[in-house]
Amino acid sequence: MSALNPPIRPEYEIAVAALPERAAARPLPWRTRLWQQPGLRRGLILVLLALAWEVLARWQANDLLLPTFLQTARALGEGLASGELVEKARISLLVLLQGYLAGVLAAFVLTALAVSSQVGRDLLATLTAMFNPLPAIALLPLALLWFGLGRGSLVFVLVHSVLWPLALNTYAGFQGVPETLRMAGRNYGLRGLRYVLQILVPAALPAIVSGLKIGWAFAWRTLIAAELVFGASSGKGGLGWYIFQNRNELFTDRVFAGLALVIVIGLAVEGVVFQTLERVTVRRWGMQR
Amino acid sequence: MSALNPPIRPEYEIAVAALPERAAARPLPWRTRLWQQPGLRRGLILVLLALAWEVLARWQANDLLLPTFLQTARALGEGLASGELVEKARISLLVLLQGYLAGVLAAFVLTALAVSSQVGRDLLATLTAMFNPLPAIALLPLALLWFGLGRGSLVFVLVHSVLWPLALNTYAGFQGVPETLRMAGRNYGLRGLRYVLQILVPAALPAIVSGLKIGWAFAWRTLIAAELVFGASSGKGGLGWYIFQNRNELFTDRVFAGLALVIVIGLAVEGVVFQTLERVTVRRWGMQR
Amino acid sequence: MPSRGAETVATVTPLHPPREAAPLLEVDGVSLEYRTPDRLVRATHQVSFEVHRAERFVLLGASGCGKSTLLKAIGGFLSPVEGEIRLDGRPVRGPGPDRLVVFQEFDQLPPWKTVRDNVAFPLVASGTAARREARERAAHWLDKVGLARFADAYPHQLSGGMKQRVAIARALAMQPRVLLMDEPFAALDALTRRRMQEELLALWDEVRFTLVFVTHGIEEALVVGSRIGVLSPHPGRMRAEINSHEFGLASEGAAFQAAIRRVHGLLFDQAIEPVPADAARRTA
Amino acid sequence: MPSRGAETVATVTPLHPPREAAPLLEVDGVSLEYRTPDRLVRATHQVSFEVHRAERFVLLGASGCGKSTLLKAIGGFLSPVEGEIRLDGRPVRGPGPDRLVVFQEFDQLPPWKTVRDNVAFPLVASGTAARREARERAAHWLDKVGLARFADAYPHQLSGGMKQRVAIARALAMQPRVLLMDEPFAALDALTRRRMQEELLALWDEVRFTLVFVTHGIEEALVVGSRIGVLSPHPGRMRAEINSHEFGLASEGAAFQAAIRRVHGLLFDQAIEPVPADAARRTA
Amino acid sequence: EGRISIAQQFGIGYLILDVVQDQKLIEKHGRAQGLDIQVEWSQISGATAMNEALLAGSLDVVSAGVPPMLTLWDRTRGRQNVKAVAALGSLPNYLITNNPKVRTLKDLGEKDRIAVPAAGTGFQSRTLQIETARVFGRDDFKRFDTISVSLPHPEATAALVAGGSEINTHFSSAPFYYQALENPRVHKVLSSYDILGGPATFNVLYTTQKFHDENPKTYKAFYAALLEAAQVIRADRQKAADVFIRVQKSRLSRELVRRIIEDPENDFTASPHRTFVYADELHKLGVLKNRAGSWKDYFFEEAHAQPGS
């Protein structure tokens, strides 16, 4: 390749004038704007899923195993209107929240130990590897022994289902905090709990939030499964019990209505709690897109 | 404060000689070195836990609910010696691996969709929020309908237990990949699957590994619960089946032996697979401490 | 040093075929904005300039005036809210290996690749070279930036300046049509910086790539660039374009000093913000 | 410029009480190493120097010679494998707000705090100031570094140079006993850099903190420092210590130029690696 | 003394307990003895959870099928000494199928799948094992375990009625077999009554020696309440049906519930019938280690006054 020399061009200097008035932001076409509403897009997905369910169920034509979407919706509507489902959901949510919060607290303590000492680290790794794979039924006898039949045992198995995944995620998040940021925090004289709370937790927030989401979901799973076994003492069963009872009476549409309520609550919590949390934290801080 | 002026000191220049032979690394005191063996420390924790178990069980003195560590160890030894437990574990592990791998694959597809399009993102968020809280029992009728009683249904519920948490974690990991790194990858001309595999996956590996750990544990939980239902068809039950049978017959020591085997496998997988994975990847790369 | 000296460039006459006369890169009235939750930040306002084939175009401007943003837009990572960026007459649509960027940040090296693989990877990924050849080219360029001994280290084991040198080696090994460099030498000591400048210019002499280079050193701008674009403080607008093809690595004399002063004047004759009023009061 | 000029410092006689004569910071035969899976990297080898109260000690050295590592060791983030670092005669055990560090990396700002909070946070965290006062001081120093308009922005919305300026504001607001700065002005344009130097020296004039400063600019070293330590290339060893208290922001003349040349010589008279043999062959 | 917590499972087989609860009979008989008894009712699914709750002391009295009770009795002998309090009635369980080829047990082949609540160990499985041992010989009593599937009654019923799944046979209890048999494709193969030789107890109540000994008055009131409830049901089956629907908040149709309660096959009595068949056979099959001399060995003395077997 022969040596290529660029042309020599005239120079220029201009005085930069005061910045003119900002041109008005061009409005986006309405379809684009509409499409930018996450609620709308997700609503559409939900509608499509409901449609697919309806079609599938009608095609299977086996409403003892799989009722149609409309049947379920009707059962859900009735249950909500009569207040029964509302009450059951209230009972379940109360226990769920207790167990969830206790689990979150326990996970926090465990990871705080893990970041502050070698023994804590080993403890976390060992306990998680040991207990995380154990199904809740394995802990049931022990729960009965220690907490009796009732809320105590439910909270215990809920903690078991929230604690380990959240601790794993939180700790992985802590370990991924950039060295410079750690040094900056320690440089301010932060140590111990303040260091964890003011540096590690915010820096690891994306991992913690996804741990919280997973923990939330698994708390639901566990609660519903546990309520089937523990059932209702003194007539106060939650959603799991509702599902169990209706299953026993072969009201499959009500079973699915109960499950649908779980889904609806899940979507609401995701949409309201977690999305807001992400928006005002990690997304605002540029830690996640 | 009066102006403080530092003293003026003499200058110097020295010719830097060739670097002298490196002083031999000072050996650490043997106790420190011993303590640096993670195996040893964790072994100690396990011994302490076993001891605590033994004491607790003896104190409760209710071996139909909580057998002692020694009873369990004896039952485990017998089960292993007779080959029964080995066979059961083999059966379970086979199914587990199938379901796990299928779940990992599904999670990968879902997150790959999510990073490549807005609809994929919404799909992931919606599906996860909807299905993650659903207990496996809810899917049981559907699994029966679609996959029958055999391995298919087990794999289905395993996928359900692995897919969502892993997808959540992977996606959160993807979203946390620093902008500069993304730009570097796109700058190389990477796009689509290659971009995901060669940039996003390694960059998000800490989150993915903790998702894999959680998925692994939940797969175990689910498998054991599911084997109660599906396990024994055609007489080939796995560990879950073993636990269920012995539980029904109140051979609690064997129940605990089965659970102990789950724990042992869990510890082995953590120690061998995941720790190695972390050592040769994220830790080696300085992405985790 | 190589044959390229002040005279060589100075004696160039527009002998090129007509095709060459069209600029390779056109930045045409480009405004760039960042959308934050609270407000719209305008990074550059209606910036226009042209870069011809084999030109070494340097962007100078105050901190925060939008140089990096402009470079990212040319790289295809950002699209203008106004105006257009064209390469070879066609609007830039997205990033590609024909416009390799050396970013300003230290975290541009994938931490999961060794230094050698970091240099070789884009060659392989973009299909520029086969694996073997890529590794050879990587070794060659690592040697040039003085990091041959660190070929097997991972990025987190390097100092700030060493990381930047890896990024430079990676870019030079690729020999892209357009090379976009964002303060590549800022973290380097004087000697290493000088050596890097030499390497960059030697490579230019050889393959005549087109360079867009951001720096804060006026001297460096004159030495490295053949033409210098001066941006006003935030939000960046074009202030001036001047030629600097006469100056090379050996430049020192009065003309060079005059050019430095001239650019300095262009850059700073209007202060960004007046020095706070209380600055004078504060003395011990 | 403020009262501190070359004369002021030059006429200083050792009038200080005996306590003052003892150095504040002693780096005594310090070797620093990194342990990687494959090998041990020695970053500095038996480095010794002393920094007295209110001295402005500048570390100069080639890229990768261990300057940042040394600074981190003084900050208490790393412990020497050999030798000792003493502050006020007591060995340094760990990090603390009395030795505030401005790191070389851009990611030293907690991304979850606004620019203002980033500056105010260490004041509150270390108990130096109450929340209200901290915010006022933060506002003051953000104004000084020209970022008053960005007080409510988050770090990811800033340019590289702006991030570094936030880190500088944060350090200056803290007014620590010992200020450790690692190439703080590398990402700044000439004017901003000069303004930062002025602010740093004005603050020094006022509160007479002790400064350890890493830079690649020889000129900057002479201007900012009262004493300069020169390190050999990797692994870093002490090469020389020279006085530069005579030079200030206004320095320009022949003595200044001579000092620059002298330091240049000290730094580079033995090249790190010889220029590769094939460099000469490669010309178009 | 003065407190009792009782757990039942779902189903019409627990009607006696529903009546006790509805009519507050324990409280009534307690007051007769000058004792104010606090009764706590729980619902728990599955014999295993029942057993564990009883052993953990979370519950005083639990209820399940005869074989799980015998297993617990066998395991706790010499320790907690769990024994039965009373039977909850004689109700048959039907082996039903939608496979037209299956007319007897011998027709079940490799491809068939039998749904039972707890494969291998529950009431239905044990009953089936006893029959298998008789038809195919003692050594082969686990023959059908390999094609058994643990599936709760509802899912099994749904699978059978809907068809199309591998599960084509179900050892079912009331009310599920009533619902299933409404479908013309489903037919009965065998009744537990055929296997055991006549009406036989389905579920029993059981508790620990400790509770029995430490709470004699409460225990007596409880036992008396059971007897009275059985009488109430026998006296007015229609009312009993209403009680069931009320207590269980059941949505089953009233007709179905009445049909079941009025079915002469179903005898709601506290007296045990043919429980010893299980104790004897399961011991012979090696499931139970202890041999019971008679049904009285595993029932508390209070029950001995009633006729039983």
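A, B, C, D and E are the chain letters, set down in written order, and residue numbers restart from 1 in every chain.
By our rule, a contact is a pair of C-beta atoms (placed from the backbone, for glycine too) under 8 Å apart; a residue touches a chain by one contact, two chains touch by 3 or more.
Bear in mind that the values here come from a model prediction, so they are computed numbers and not experimental data.
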Separation of chain E from chain B in steps, with touching chains one step apart: 1
Contact-graph distance - origin chain A, target chain C: 1
Whole-Å gap between the CA centroids of chain B and chain D: 44
Whole-Å gap separating chain A and chain B, where each centre is the average of the chain's CA atoms: 19
Chain C and chain D: spacing of chain centres that average the CA atoms, whole Å: 27
Chain E, residues touching no fewer than two other chains: 52, 55-56, 155, 158-159, 164
Two or more partner chains touched - positions in chain C: 105, 107, 157, 205, 208, 284
Multi-partner residues of chain B (at least 2 other chains): 3, 62, 65, 141, 144-145, 179, 284, 287
In contact (per the touch rule at the top): chain pairs: A-B, A-C, A-D, A-E, B-C, B-D, B-E, C-D
Residue ranges of chain D in contact with chain C within the complex: 2-4, 34, 36, 38, 41, 60-64, 66, 68-69, 104-107, 143-144, 146, 148, 152-153, 157-162, 165, 183, 186-193, 195, 202, 205-206, 208, 216-218, 264, 267-268, 271-273, 275-276, 279, 282-284
Residue ranges of chain B in contact with chain D within the complex: 1, 3-9, 11-14, 16, 19, 22-23, 25, 179, 284
Chain E - residues contacting chain B, complex: 47-48, 51-52, 55-56, 68, 71-72, 75-76, 79-80, 113, 118-122, 145-151, 155, 158-159, 164-167, 287
Chain B-facing residues of chain A, complex: 35, 38, 41-42, 45-46, 49, 60, 62, 65-66, 118-119, 122-123, 125-126, 128-138, 141-142, 144-145, 164-165, 168-169, 171-172, 175-176, 179, 206-207, 209-210, 213-214, 216-218, 220-222, 224-225, 228, 243, 252, 259, 262-263, 265-267, 269-271, 282, 287-289
Chain B partner contacts - residues on chain D that touch it in the complex: 8-9, 12, 14, 16, 20-21, 37, 40, 42, 45, 52-55, 82, 156, 205, 207-208, 226-227, 232, 235, 237-243, 245, 266, 270
